[in-house]
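Next come the structures, one after another.
What follows is chain A paired twice: with chain B in the first complex and chain C in the second.
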Partner chain A sequence: MELFASQLLNGLSLGSLYALFGIGFGLVFATMGILNAAQGCYATWAAIIALAAAESLGLPFPLIILAAVLGGGVVAIGVDQLGFQPLRARKVDMLGALITSIAFWMILDSLAGFATGQQSLSFPAWSYPGYMLTTNPIPLPAMQIISISTLIVITVAMHYMIAHTRLGSAIRAVGWNPVAASLGGVNSRTIILLTAALAGAISGLAGLLGGVLTSNVSFTLGQSLMLKGFAAVVVGGYTDVRGTAIAGLLLGVLEVFCGQYISTALRDGFTYSLLLLFLLVRPQGLFGSRGFIRA
Partner chain B sequence: MEFLSDLWAVNRITVAYAMVNAFFALSCYAVLQAGFLSFSTVTFAAIGGFLGAQMVIHGYALPLVFLASGVAGTVSALLVALVFLRLSSHWMALASLALVLITRVVVLNAPALTGGVMGLSVPMALPMEWLTALLAIAMICFWALYNSWFGIASRVLREDPSVAACMGVDLRKVQFTAFGISGFVGGLAGVLLALLLQYISPDTYFISIAFTMIAATVLGGSHHWLGPILGAAVYTVLPIASQAVLPHVQDVAAGVVLLLIMIFLPRGLIDPRAFRLRRAARGAK
Partner chain C sequence: MTTFRKIVSAGLVSAGMLIGGTLGMTSAAMAIDPGTYKIGWVADRTGVVAFAGVSYAQGGQLAVEEINASGKLGDGVKLEIVEREGASEPARSIQGYNQLVADREIIATACCIFSGIAGALKPIAKNNGVPLVFYGATMPNLPELPLIYNVTSLPGVQEVALSKYLVEVLKPKTVAYFVLADNEAFQQRYKASREVFEAAGAETVGVATALGHDTDFTAQATQLIALKPDLIMVYVTQIPAAGFIQAVRQRGWEGHMATNEAISPIAVWKKIGEALAGVPFSVAFTADTAETPPAKAFVENYRKKFGADPDVYAAQGYTAVQLIAQGLEKLQGKPTREQLAEAMASLNTIENDVFGGIKLVDGQLITDKNNFVAWTREGKIAPWKP
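Our next item is the complex of A and B:
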């Protein structure tokens, strides 16, 4: 029972990383129609920036989180303005944006390799809360609680923002049709910038938490988040934040339990079989509706 | 003359890679020109590649191997199309990427057929004559397709499906044909790559080749059949050239070049529309 509970916690905290990353990825996909191959690099670079800030300035943990969030946001804005804005100005379809994002993926991944000296770094022990909150009845590591609660806060805030505020309607309007949104009085350039920054910041958060939890800051961090976060987006449906969050948690828990009780070799097999099942049975995701078709 | 043969010896392998990549890019192009962004080429290539490798190991003749891989690719492509064509374009892009991830897991967990984690060694090198002949045949086929009823119909379909339907184009037929062609060429590309590398593993047919081959296709130009072939050549030579000019940062340099081409020539290097516009401008003078 104790093993079950602590594995459940492991699964949930791993899943919260996937879900957080998926929320950022899905936001870009739904609002700008970009399948962003460089999204994983935002997470990697946010973790690298946060690590550099932590080591050079000796910041406390909340400020390290802030550094990662800002870092992710700034990298995302840079990629968007350098790579995607020129294409938007020429009205190129999502294919062009995918290719520029692949170019950025190559550039940023390679630079991340140089930044970490081609090896896996980890956050120094003093820089994050590595202790247990309690050990009785089960050990509760503070970092796992932090990452799960971060996911809950971000999901609730994002869902409220997108579904119930003026900013959220503006984001959805731009996602539907930027020209029509402009005619309706929305400054779509600002909204796109804001969305890019927000998605980068959330991915950056996932990168930092992932870097701390797995003690791995290198370009492989972004890649693994990208693959599983992407799975969470497909299972959950990219038009709804709640779906992504639930799907991410589900994938994390399944992965850990499968590794514990069935077989370690089949861990990934399980995740992707679920993915295939969803593609066949519910291609629009958990919360997606069939009637919603993008033009 | 000696200089020329030296140059050939050094660059032979690069040319072979460029030609094999051309098959991958042509497979991507076959669906792209009908308006679908799909990464499933890699899945067809994996099926063709592992089937072909097993056949080579069991001593079948090369023509039979190529044919079987192509047919296996076609069959899998038609099955995939059956599911994917129900999805909207955004979902299809996501779903095909998911399919690539699933492919790797399947390959990993079927060691009897694929060698699992260890991969498969292929006990035969790819004869250059075969590669050249196949590429020539593929070029003739794609040239004929481009000018055929199917080529025109699929270009209309890409620009506007409703217009295509109004003009009496059978959308399903064009879509399935596009996927079938992509499957055949993809399966062939898979076995050619297996023979060229002489070793394939689950990572051979995975995300990086999926992304780079789509990039090569769009870079060369996805509106004309020569585009993917040129794109694959550029994409193969670019990292090697940038390694010679700027060692250590070749990935960065290749990425920057790709970025610049996409920003300044978003329709690719070969763009029939640009040719026509230029010709029209000359005619007006």
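Our next item is the complex of A and C:
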């Protein structure tokens, strides 16, 4: 029972990373219609920026989080303005955006490799709460609790923002039809910039937490989040962050339990079988509606 | 003069001429023509194992510079490394290697960390008749004389020795293993070690696995701690080994663990720190335990050039170039790839041995010494004390 509970916690912690990353990824897809393959690099670069800030300035953990969030946001805005804005101006279709995002993925990944000296780095022990909250009846690492709590806060905040605020309405409007939104008085370009920054910031948060939890700040960090984050978005549905959060947690728990009770070698097969099943049976995801296009 | 004396005198004169001639040839004619001899190097300076790929390449680079500075290959003879980046990707490595072997100025080649890629490049080297030295592939039976060599100190051999030592000093009753599920070389290493423990009566209580691209090892740490084994053996690459050991220690488990050379580079210590202290591993070379004059000189020169301690990967890259250079030393005139291969095949050791005792057996480097070491709390590698 203790083992089951410990592994459940491990799964929820891992899943919270997938879910957080998926929320950022889904936001870009829902609002801009971009399947952004470079999104994983936002997580990587946010972690690298936060690590550099931690090591050079000796920041406390809350400010390290802020550095990651800002870093992820800035990188996302940079990619959007350099890569996607020119495509939007020329009304290039989704395939063009996907190819552009792949190019940015390659470039940012290579640069991340050089930035870390091709090493896997980690946050210094003093820079984050690496202690156990308790060891009885099960070990309760503070960082795992922080990661799960962060997901809950971000999910609630994002859901509220999208469903109940003017900014959320504007984001949904731009996602549905940017031209119509503009005619309705929404500054589409500003909303897109804000969305890109928000998505980058959330992915950056996932990158930071992932970097701390796995002691791995390298170009592989974003790659590992990317596919599972994408799976969380597909299973959860693009239209509702609650679906992405639940799907991400589900994927994390499934992965850990599959490794514990079945086989690690089959783990990814299980995960992607679930993805395939959802695409076949419920393509709109857990919370999506059948009639949706996007947003 | 009697007939007998005539015969003896003639014999002595002939022998003298022969010896004199041979010595003269050794000093003057036994050298290759002046010029630049190129070594094709498929590097892994980027990609998933770049942390090691950079070291291999820097070790090779240092060897070339030392050999050129020493003039040991003859007046006006220079070695040069021509690099193609493989990034540990099969397609890129094969493409890069094809480019290298197409250049007839390249007299020998070196490559590969992943055994799968090494296996893919082997037939290309054989078809092109070019010597190929593997500097990092750990799969046994890769060499094939006269063309294919492996200077990677096969870790399986050392790990069997470490496992035997652990049986002797720790006398574990139960052993658990953490292994890469998708890496054949590590699977073999784990199986060899498990055989040793089981033969000594230690029960295998569990095997946790991870995939090569995984980055989170909390689940595996939890799984194995719950089994309360006397010993956990870790047979994975650098990122999983470091992450797993840290996750285990963070969860308060203070039992015995042992692992492999993956945690030997200083970068791993900088990343993980004290959690690694006291975890024994076997490794063919470390800067902290270098004792012989060639090893000490290698450490000093490497530090001078790159501002960091060389690790076992750098030592292997260095040795790969030494092997090729030693083959060239045996030749004269303008050697061909085939002649170089034959010269290399005749070697049974490699000079400038930084490992402190090596031999070449059928093209495979074998290290004589078993270094059972561990990180200390001060961040140095020292012989492990149970």
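Here is the rule we use: the second predicted complex is superposed on the first by the 292 of 295 C-alpha atoms of A that agree within 3 Å, B and C clash if a C-alpha of one lies under 4 Å from a C-alpha of the other, contacts with A are read in each partner's own complex, and residues count from 1 in each chain.
Simple rule for what comes next: contacts are C-beta pairs under 8 Å (C-beta built on N, C-alpha and C of every residue); 3 or more make two chains touch, one makes a residue touch a chain.
Bear in mind the structure is a predicted one, so any value in this text is a computation, not a measurement.
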| item | value |
| --- | --- |
| Superposed partners chain B and chain C on chain A - clash or fit | fit |
| Vertex chain A; arms to chain B and chain C (CA centroids, nearest 10 degrees) | 70 |
| Contacts of A:Leu3 with chain B and chain C, given as first, second, both or neither | second |
| Which of chain B and chain C A:Tyr238 touches, first, second, both or neither | first |
| A:Leu14 touches, of chain B and chain C: first, second, both or neither? | second |
| Which superposed partner A:Ser110 touches (first chain B, second chain C, both, neither) | both |
| First (chain B), second (chain C), both or neither touched by A:Thr264 | second |
| Touched partner set for A:Pro139, first chain B, second chain C, both or neither | second |
| First (chain B), second (chain C), both or neither touched by A:Gly83 | first |
| Chain B and chain C, minimum CA distance [Å, superposed model] | 5 |
| Doubly contacted residues of chain A, that is, touched by chain B and again by chain C | 110, 265, 268 |
| Interfacial residue positions of chain A with respect to chain B in the complex | 29, 33, 35, 37, 82-83, 86-87, 90, 92, 94-96, 98-100, 102-107, 109-111, 227, 230-231, 233-234, 238, 265-266, 268-269, 272-273, 275-276, 279-280, 283-284, 293-294 |
| Interfacial residue positions of chain C with respect to chain A in the complex | 45-48, 50-51, 53-54, 181-182, 208-211, 213-220, 222-223, 226, 238-239, 242-243, 246, 250-252, 267, 270-273 |
| Interface residues, chain B side, partner chain A - complex | 32, 37, 83, 86-88, 90-91, 93-95, 97-99, 101-102, 105, 108-109, 207, 211-212, 214-215, 218-219, 222, 249, 251-252, 254-256, 258-259, 262-263, 266-267 |
| Contacting residues of chain A [partner chain C, same complex] | 2-3, 6-7, 10-11, 13-14, 110, 113, 117-122, 125, 130, 132, 135, 139, 141, 144, 210, 213-216, 218, 220-221, 223-224, 255-256, 259-260, 263-265, 267-268 |
